[in-house]
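These notes open a run of structures that come right after.
What follows is chain A paired twice: with chain B in the first complex and chain C in the second.
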Partner chain A sequence: MSEKVNIICRCEEIQIEEIRHWINKGYTNLEELKRILRITMGPCQGRGCRDIILREISMATGKPISELNTGVIRPPVKPIKFSLLAEDN
Partner chain B sequence: MRKTLETELLVIGGGAAGLCAAAEAAGAGVKTTVIESDLHPGGQLVKQTHKFFGSKDEYAGTRGYKISDILLDEIKGLGDKVEIKTNTTVTAYYPEEGIYTAMKGEDEYYRIKAKKTIVATGAQERLIPFPNNDLPGVYGAGAVQTLMNVYGVVPGKKVVMVGAGNIGLIVSYQLTQAGVEVAAVVEAMPRVGGYWVHAAKIRRLGIPILLQHTITEALGDQTITGAVIQPLNDKFERVGEPQKIDCDVICMAVGLTPTTELFWQAGCKMLFVPQLCGHVPFRDNTMRTSNPDIWVAGDASGIEEASAAMVEGRIAGFSAAKALGKNMEQTKFDEYWKRLEHLRAGEVGEKIRGGICQVLSAGWEA
Partner chain C sequence: MTVKTTDFIIVGGGVHGCATAYELAKAGYKVTLFESRYLSSGGSGRSAAGLRQHFGTEVNLHMAKYNLKVFPTLEEELDTGMDLEFRQWGYMWVAYTDSCLDQLKKNVALQKSMDIPSVIFTPDEIHERWPYLRLDGIIGAAFCGEDGHINPQTLTMAYGEAAARYGAVVKTYTPVQKLLAENGKIKGVVTESGEEWHAPRVLLAAGPHTRPLAATVGVDIPVYPERHNILISEPVEVFNCPMVLCLDDGAYFKQCPNGTFMFGRDDQDEPRDLGNEGNSVKFLAGVTASVLKRIPALSGVRVVRQWSGPYDVTEDHNAIIDWTPLEGLMVNCGWSGHGLQFGPSGGRVCKEMLVGEQAFVDLHRFRLARFAEGDLFFEPAFI
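Entry: the complex of A and B
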């Protein structure tokens, strides 16, 4: 049997242990975790993982999710080929 | 210069809420463009093979996919007032210029300029973490519904369903209709979250509903061969003996969360509301957000039933048409609100009412 993994960010293959490790080191802001781990920066742009990670931060810090930084949600919402962006203009 | 599509009203999302919004606004004479990311309009309605509850005005007793046909017929009857663009995703909103960008498939990219917009982007499925959750065979319940009810493909032979809300219960029933065995429905809460009739239906088929249980692990090497479940106490701590269940599919029906990227990009005032299952935009009773050009309808405003999404779509469509200078009959608006209140009445609507009152604005400053 292969090693069991508990993947939270499927785009960047980040496991929950890794997220908890950095939260315990004091990285309790989604933007900080994003810069270290690239979470929410893959093709899904955080649709899959943002909720779970905010919940983890909330549990570790005792702060409700409503008080946490959700990170800046920038365009685009899904990947666009560079060739498409480059044409015409 | 890149192509720019101009329209009076842009409706983002061609599901239950978006189609109703488009029908309402176009019915009042507004030139409307609906953008739908899927290959066909209808959203979640097209996957719903069961008869709806709720109220007669919102097609109670009619099967979901037929409701979608009814709405599309209504839109067809409005001629060229509505254009539906499928296989197209609105990829961004740039508030400085008031421009949206859209992508058709992966090979056409253009701008959209609209006087007003209704965002009806619906919801996305939640997942919960457990070891081996990346094995093929872990599905969201919505994905299972799409596979079976839209494309006629069964996901596997034997399923462990996680979640006894309406979606978990309905999909369990539909799986058995398709000849797939459902080994068990596992629910962390001490009670069934969905309607009693849906639960009774699958209990009559002999499917166990294991309350206060959670999935702790998926088993398998290349694909899923089983699931490990474990009893929980009132504090959701794992307490009892873990139990192994043979299966080749683990279906997650643990809830939805509103799809809200475009509201964030538009600078709409947002709040995390647990009862509405995520961050949602503030809105007034016309479904207008804090951005005066943007309305919200359906699950994007908070997770609720399709019936409520359809009425919200009507309200948003009505209000956007009014803002565009169309002469609207106020009694119709009041009637829609009466319907919404009816759908949200009583004990069943308590949670949703508690959520909405946190984000309902008395009105926006002009």
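Entry: the complex of A and C
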């Protein structure tokens, strides 16, 4: 396998080319790209990649970022150790 | 307003709608699919991604066997470049009571009679094979090593993408507002954006939303939503932990192909209405305590994400696949928490029924009239 160079989503090791490939196929919503490529679903929950991906979608569609669906950030807001959760109970 | 026409309309871009669109388009039929949001945004994309051949009724087993025949080569067949993450790490039903184990044994006997390689394990056999599991108090389990996992989102989206490649019109972000009927026959649909589409055959595969949609033409489909929760951990080293379903409190867990762990658990107090996609705080602590005592090795691992989704429940926990009393209107819904894996067989039988072919399995048990007739069809292997 060739080495990945232009990695945008570090958690899921996804390159900019892969993101552009699916945007060009018509998947211009972050909700869709997220599900095809797992981007924004890693341990950082998209903190490291969401903005760059939204910029790509904005460039491809001509829509400003403020008009794009930015996806849902799901709880917990910060990762918590299972052992701590179990103690709470 | 211009009215568009097609041969078949499908409402709902879950796995069943998308698989049916794929089967129809591949066979050369003209089909249009409407989805409110993105493909897989309903129950399909929110599911636990489990697939199994552990059922206790012949028709479900027949279809489950077919699903397992399709999955290993489906990624290649659909050929979309999406990774379906199909894995066969097994699926285990763990019994804590005699009556539970007796039922599992009955199910396994039926499975074996249909050449499904299921087995009953003793607690010692389980301990030997999976030493990291601490299943205190169990008396046995049913296991099938062919069962496993598939990515529910790419599965659904790949069916939709492949359908579009064969010429299906796939309209995402296009909610259907109501159905149209004329002289006792289905006529078409109207979308919320005001588009009108006509077709002589319409399939509703809208999960729990099938009921309100069918009601717009006076048809009652007894399916209702029931919220279920799941959480996912950060990835850890992959050790192929199978799906483990504990029949004492309904907790389950498994490792996913990317190393993350998924936990879920039943909760009778969860809301049963549409539009309730929030998260339960109570779930998080409860499921964690229940699962950690069975797999303590995960105690230092972090939970990353939690979500919920609607089960599409019927009174007897089985699907409804049938024509409705309104000519030309068909439904496929009510899979009651085990419908993701039935995408391949569900898509095939719906295509067969829609075009007037004989379905490859006898669907009598899934008929709509069973509720009115009081002839319910209970699936014993239900979670």
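Throughout what follows, the second predicted complex is superposed on the first by the 84 of 89 C-alpha atoms of A that agree within 3 Å, B and C clash if a C-alpha of one lies under 4 Å from a C-alpha of the other, contacts with A are read in each partner's own complex, and residues count from 1 in each chain.
Heads up, the rule we're going with is that a residue touches a chain if its C-beta (ideal position, glycine included) is under 8 Å from a C-beta of that chain, and two chains touch if they have at least 3 such contacts.
Just so it is clear, the model here is predicted, and its values are computed rather than measured.
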Combined model on chain A where chain B meets chain C, clash or fit: fit
Chain B versus chain C as contact partner of A:Met41, first or second or both or neither: second
Touched partner set for A:Pro76, first chain B, second chain C, both or neither: both
Following superposition on chain A: angle at chain A, chain B versus chain C, Cα, nearest 10°: 140
Chain touching more of chain A, residue-wise (chain B, chain C): B
Touching partner for A:Ser66 - first (chain B), second (chain C), both, neither: first
Contacts of A:Asn6 with chain B and chain C, given as first, second, both or neither: first
Touching partner for A:Leu85 - first (chain B), second (chain C), both, neither: both
Per-pair minimum CA distance [chain C against chain B, superposed on A] in Å: 8
Contacts on chain A seen with chain B and repeated with chain C across the two complexes: 45, 74-76, 80-81, 85, 88-89
Residues of chain B defined as touching chain A within the complex: 1-3, 89-94, 101, 103, 106-109, 124, 126-134, 217, 221, 257, 259-262, 264-265, 271-274, 278-279
Residues of chain C touching chain A in the complex: 37-41, 45, 81-82, 153-154, 157, 161, 172-173, 233-235, 258, 279, 284-286, 288-289, 291-293, 298-307
Residue ranges of chain A in contact with chain C within the complex: 21, 25, 29, 31-32, 35-36, 38, 41-43, 45, 74-76, 79-83, 85-86, 88-89
Touch list for chain A against partner chain B, complex: 1-2, 4-8, 10, 16, 45, 47-48, 51-52, 64-66, 70, 72-78, 80-81, 84-85, 87-89
